[in-house]
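Just so it is clear, A, B, C, D and E label the chains in written order, and each chain counts residues from 1 on its own.
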C-alpha cells in the first residue's frame, strides 16, 4: 500500500511536470491554432540560455550572489525568449496568416531545427547545470504508517506548486479577459480576426512570449532536475499525449491530463511492466489516451469538435 | 513558348484522363524514366546510389504511402514508422522461418501484415479526427516499437534485438550490388507509384478526398466513412509496409527497431507536408528535400567554408546545417504553403503563359 | 601518399556531451601521429562526419567516406547501432570495423566476423568482470546466491548486449536478476527508480549512455539508493555522467576500459605539447586526458597500430588497403614495450589478437567518483573466457547460419 | 459630389497566387458619408476589391500589383488590416466567418476589441446590435457554429458594428437572410448612414435593394468597372434593368419563364 | 406521395429546432420550405437525409417508413441534396466533385482500379461522359479542372447542384441554392431546377429566401417559424395566410 501510494504520488509529480511542458502547447494552440512542434526546442533553448547566463553573468560582473545571478539570468533568458517570439512572428507566422494547420505545424518544425542548431551554436552542446536552489533530497511521509514511509521528492513538490500556480493564472486569463477572448477568436479564424481589427502581429508576439515564459519555467525545473542538455527537447514528445488527453484547447486540461497520464504511466510500468518485460509506460500512455478519446473525441476538457453542414 | 498545350485536343475522355495529359509533360517524364533506368545506373557512383538514391527512393515510397492516408484521405498519422517496422519484421520472420522464401513474396507478405496492422489502428479514425487521431497512430508507433524490442520471437531471439537478412535475389537475379539494389528499388517504386496514382484518380481516390475535404457531405452522397477510411489505411499501410521491408532488407541489411522510430514517422510526415499533401509527385519532392538537402548542405558547407578561408569544424557544420535547413523549410512554406508540388505546378502555369506575366 | 581514416563522430544531438571528448581524443591522437612523422612515414588523412548517433546518418557517413582519398583503411562506427549496420557492409567493402569496448559481443569470434574488431572488451566481458567483482565483494561468487542484481539499461542494442550473459550468470551463480529498460535518451526514469526503491537490489549495474547516466544517478539520489552499490559499464563512467551531479554522486562506481582519466599519461602530455601546444588541438585543453578523451586516444592508437602492424608484413612506408589493415588488426601484438614507447604506460595493458580472437585480452578496473574526480578503487580485473568463449561461439554460429556463412578455415586465417 | 472623397481606389490590379489576374484596373471613389454599391455577377471581383481595400488579400495569397488605394488621401496598401480598423474601416466578410467556438455574444464582443471607450459604451453598442437583431439575443449563449446560416450572417454584421466603424465594407450582407431581415439590414445601413454618417461600400447581388438604398453604384464585370452612375440613373438603365433587376421589357418576369437563351450584354460588345 | 414527414421533433439541448412537423411531398412537384432565419428549415433537410436524428416522428419514402435513416441509405434510395454553407470538396476539381456524385453507381473493386484496366477504366469513361453532360447543362465547362475552392461563390453553388444531380436522384433537396446570386444568375438557376424537374421528373424540395423565386417556381409551400409549421399550401394560399405574412413575408410582398 505504501508503495502504491508512493508510485501514485510519483506519478502525480511527473505528470505535473509533463503538464508544464504541455501548457506551452496549449497556449499557442488555443491562441493561434498552431500546433507548435517547436515547444520542446523552446524549452531547451530557454534552459540553455538560463544555464549559460547564470554561468556567464557572475563571471562578467564579478558577482558572488547566487540568487542575484539566477535572477539576472532569468531576466536575460526571458528577454531572449521575447526576442525569439518577435522573430518568429516577423519571419514565419506573419507570413503564413490564414494557412492551414499542417502548414503552420511544418513551419514550427523549421523553427525547431533552427533553434536546435542556433542554441547549440551559441550556448554549446555540453551538459550544463541550473542551480536555483531546489532541494534534491527525498522526503519521507507517513513513516509511522508504512515501513520506509512514502517517498516524495521535495524538488518535484516545489515544481508542482509552481506549475499549478501558472495554470490557474493562465486559465483565468483566457476565460475572463477580453484579450483571452481575442486569442480564442484568432485560433478559430485568422482572417476574420484580422477583419475586425485584432492585431495578429502583436497578439502572436505576446502569446509566443508567454509560451516562451512557460518554456523557460519548464526548462528551469527540468534542467535543475536533469541538467540542461539536448535531450530536454524530447520532452515535447512526452507532452503530446498529455495535451491531447486534456484537450488541445484547455489550459486546466493540460495539467489534469498530465496528472492522469503521469499516474497511469507510473502505475502501469511499476505494476504491469515487470510482467511483460518492462518499458510499457511509453506506449501505455498512448493507449490510455486512445481509450479516452474513443469516448470523448475532443479530449477530456477540449472544446467539442464542430462538424456541421 | 515551348510549354503550351494549344493545339493539343483531346478526342476522348481517356486521353483527357491520362496521368500526364500534356504532351510536354509526357516527354519530360519519359526522359526522367530513361535517366533513372539507364543513365543513372551507368553513371552514378556507389556513394550516390547507396547513400542517397536508394534511401531516397525507399523513403519516397513510404511517403507516397503516407500521402494516401494523410494527403488524400486527411487522416493524420504518426505511426508510419511502426507500419514500416511491421512490414520489415514480418518479412524478416517469413524469411527466417521458411527457408528460401522469394524476396517478392516477403515483400508482399510484409506489405500485407502492415495492412492488417494499419487497418486495426485505423479503426479509431471512425470516431477520432485531426490531431487527436495522431495519438491513435502514435499508440501504434510506440506499441510496435516496444513489441519488436521486447518480444524476442519477432527478432528470432537475437541477443541485441538487431536482425539481419542474407543476400537477396529476385527470380535468381541477385540484388546485391548498389546498381542492382537501386534498380530493384526503382522498379518497386515506379510500380507502386503507378498503382497509387491509378487509385487516387479512380473513384476510391475520390472517396478518400471527399472524406478529407468534408466528411458530412461525403456521407450524404453515399460514401461510407468506414469503407473510405479503412481502405485508405489499408492501401497506405501496404505501401508503407513494402517500403519498410525495402528499408530493412535493401538499404540497411541489418536493423533494430530504432530504424523505424518515431523520428522516422515525423520525418515522413514532414516529407509529404513540404512536398505537397495529396500529390504523388509531392511525395518525391518531399523525400528529396528531406533526405538529400541536409546531406548536400553537410557536404557543401565545409567546401564553402574553405572557399572563404574558414575552417569550420564538424560540430559547427552540423549546427549550421540544422539552422539553414530549418530556415529553408520556413522559406519554402512562405513561398508556397501547399508544398513543393504546388510550387511546381504554379511554375508550370507561369511557363504556360510565358512570356506574358499572366 | 596518405593513409585515409574516416571518422564517424557525433558532436550534435542528445549524446553530444559524451561524443565530443571521444572524438577530440581520436582526432588529437591522429594529429600526434602525424606530427611525429606519421606511421613509418605515412601521414594520416582524416575526414570527419557527424552521425548524431543515428544509424541511418551513420550509414550515410560511411558510404560517403569509404571510397574517398583512395579508400578508407578502417572505420570506427562509435555506435552499436551503426556497427550492426556496417557489419553487413564491411565484407563487401573490405574495410575492417574497430569497436573498442562496444559493438556486438559475438563479433569477438573472428572466424565468423572476419571484419569486426571489438578490441579490448565486449559487453559480455564487461558484465562478466562486474559480476565477478561484486562476487568478490561478497566474499566469492558463490555468495551471490540469493542476492539481487538489477540491470538498468538503455533500451537499445547497446544496452541489451549484456543481457544474455547476465541471464547465463544468474543461472550459474544463483543471483536474482531484474531487468529494467530505459527508453533513450533516458531523461524520464521515475518508474524505474520507484521499482528499484521497492526492490532494493544489492547491486545495480548501469548500462546507460549520455544523459541517461546522469539522470540515473540523480534519480538514485532522489530515491535514496546508495551510489556505492551502483556499477556502471565503461560508457557510464566518465566525467559528463557525474559532473553536474557533483558531490551527490560520490561513491558511484564504474568499470573502466582499462584506463580512467589519465591526465598524467605520457601520451596525453605529448598531445598537450605537440598538438595543443601548437594551437592545433581539436577541443578545449581542459578536457584532454578526461576519460572519454583518453578512450578516443586509445581507439585511434589501436587503429594506427593495426596499420603499422600491417606495414610490417606488406611493406613499411606504404599505404595499406583495408584488407591489409584487417590482417594487421588480426595479428596485433601490442606488448608492454610498445605501449611504453607509445606513451601508454599505466594507461592500458598489452593486447594481442588472432584470427579467432578479435577482441584480445579484456582487462578492466573499477573507478569511483569521489565527488570531484574519478579514482581507481580496484585492482586489475580480467574476464573469465572459459565462460564467455562458448557463448560467443554459439552466438556467432547462430549468426553464421542465419547469414549462410561458413566459419573461416585455418588457411583463410593466413591471408 | 460635394462631399470629400473618403476612399479612392485608383486603377488597381490584383493577382492571386502570382498567376491569376482577377482585377484588371479597377477605379472607384467612395465619398464620405455616402452609400456606394458594387454590383456584378459571380466572380466579377467584388470580394476581391473589398479585400484589396481592407488589406485581407495576403491571407488569400493575393496581392495588389498596380494602382493605388487612398483613404482620406493617405496611401494604405502597406497597412495591416488592424491598422485599417484603427482608421475606422471594417469589413464584413463574405461567407460569414463567425468564430465557431465562441458564443454569439463573445463573437460580438470580440468585435469591440479595438474600442477604447470603455465597457459601458461597448455594452451600449451591444444593446443596439441586439436591438437590431433580436434573434441574436435569443441565441446569445450558443456557439456560433451551431446557429443557422442566417443567424451567423447577422452575427457577422453585428460584430462589425460593434467596432463603431466610420466606414463599413459589406460583402453580400443579404445572403441567406429572410426578406424582412434583408430589409432590416438595409434600414440599419440607412440609419447609421444618416445618423452617424457611417460610409458604406457594399458588394451586393441583390441589385434591387442595393440600388434602392445606395447613393451611387459601380458595376463590375470580369475585373473591370463597366458602368457607374448615380443609383437612380442605374435603376433606369435598360441593361441594368434586364440583367440585374430582372425586369426586361419593363415588368418583372416570372422566374418560371425566364429566358433560356443569353443575350449579349451591350457593354461587352 | 414520394416523401411523407410525420410529427418530426428535433431539439438541441434547450433549443427546439423542430416541433411536431408534418408535411408531404408529391411525386414530381417542386415543394418549397420557407421561413425566417433559424426557423428550422435546414434542420428539416438534415433530418430527411439522415444527418440529424430527430427525437420524435418518422419519415416515409415511397411508403417505407423510417425513424432514422443513415445517410448512406438515404443516398441509395435516391435522395440527394445541396448545402446552405457550401459543403464542396474544396481540394478537388470541379469534375472530381461531380464525379463523386456518381460514386454509388461505380462498382469496380480496388484492385481493378489500381490496375485501371477493363471494367474500372470503362466505368470511369462511362461516368465521365454523364458528368460532362451535367457540366454542359450547368454551363461550367470552362472551370472543369479548377479546384472548387478557387471558384467564386455562385459557381460553387452550381457545382454543388451538379454533384447532387450526378446522383440521378429521385428527390433533390436544395438548401438556398440561389443565395448570393444576382437576378440573372437566379434565372439561370431556376431554369436548371425546372429543367431537372421536367426532364427527369425529379421531385424538388427547395429552401429559398427569395420570394420571387419561391412563388414563381414552386407548386406548394411549407412555412416554418420557430420550429413550428405555420402554413402549407400553394404559393397563392401561403401568400394570403395571415400568420405567414406576419411571421415572414411582412407587408412589402
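Here is the rule we use: contacts are C-beta pairs under 8 Å (C-beta built on N, C-alpha and C of every residue); 3 or more make two chains touch, one makes a residue touch a chain.
None of the values given here were measured: they were computed from a predicted structure.
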Far-end chain from chain B, centres as C-alpha averages: D
Identity of the most central chain, Cα criterion: B
Between chain D and chain E, centroid-to-centroid distance (C-alpha), Å: 28
Where chain A and chain E are represented by their mean Cα positions, the distance between them in whole Å: 48
Length of the line joining the C-alpha centres of chain B and chain C, rounded to whole Å: 37
Contacts with 2+ other chains: residues of chain A: 120, 125, 277-279, 282, 308-309
Overlap residues in chain C, where contacts from two or more other chains coincide: 11-12, 16, 20, 155, 181
Contacts with two or more other chains, residues of chain E listed in rising order: 51, 83-85, 87
Residue ranges of chain B in contact with chain D within the complex: 337, 346, 349-350, 353, 358
Touching residues (chain side chain A, partner chain D) in the complex: 97-98, 178, 181-182, 184-185, 187-201, 249, 303, 306, 308
In the complex with chain D, residue positions of chain E that touch it: 12, 15, 35-39, 42-43, 84-86, 150-155, 176, 179-188, 190-191, 194, 209-213, 216-217, 248-250, 252-253
Chain D to chain A touching residues, read off their complex: 54, 56, 58-60, 80-82, 84-86, 90-93, 97-102, 106-107, 109-111, 113-114, 143, 145-146, 159-160, 162-163
Residue ranges of chain B touching chain C (in the complex, touch as defined): 45-47, 50-52, 55, 96, 149-150, 156, 159-162, 164, 166-167, 176, 251-256, 258-259, 263, 295, 298-299, 313-315, 317-319, 322
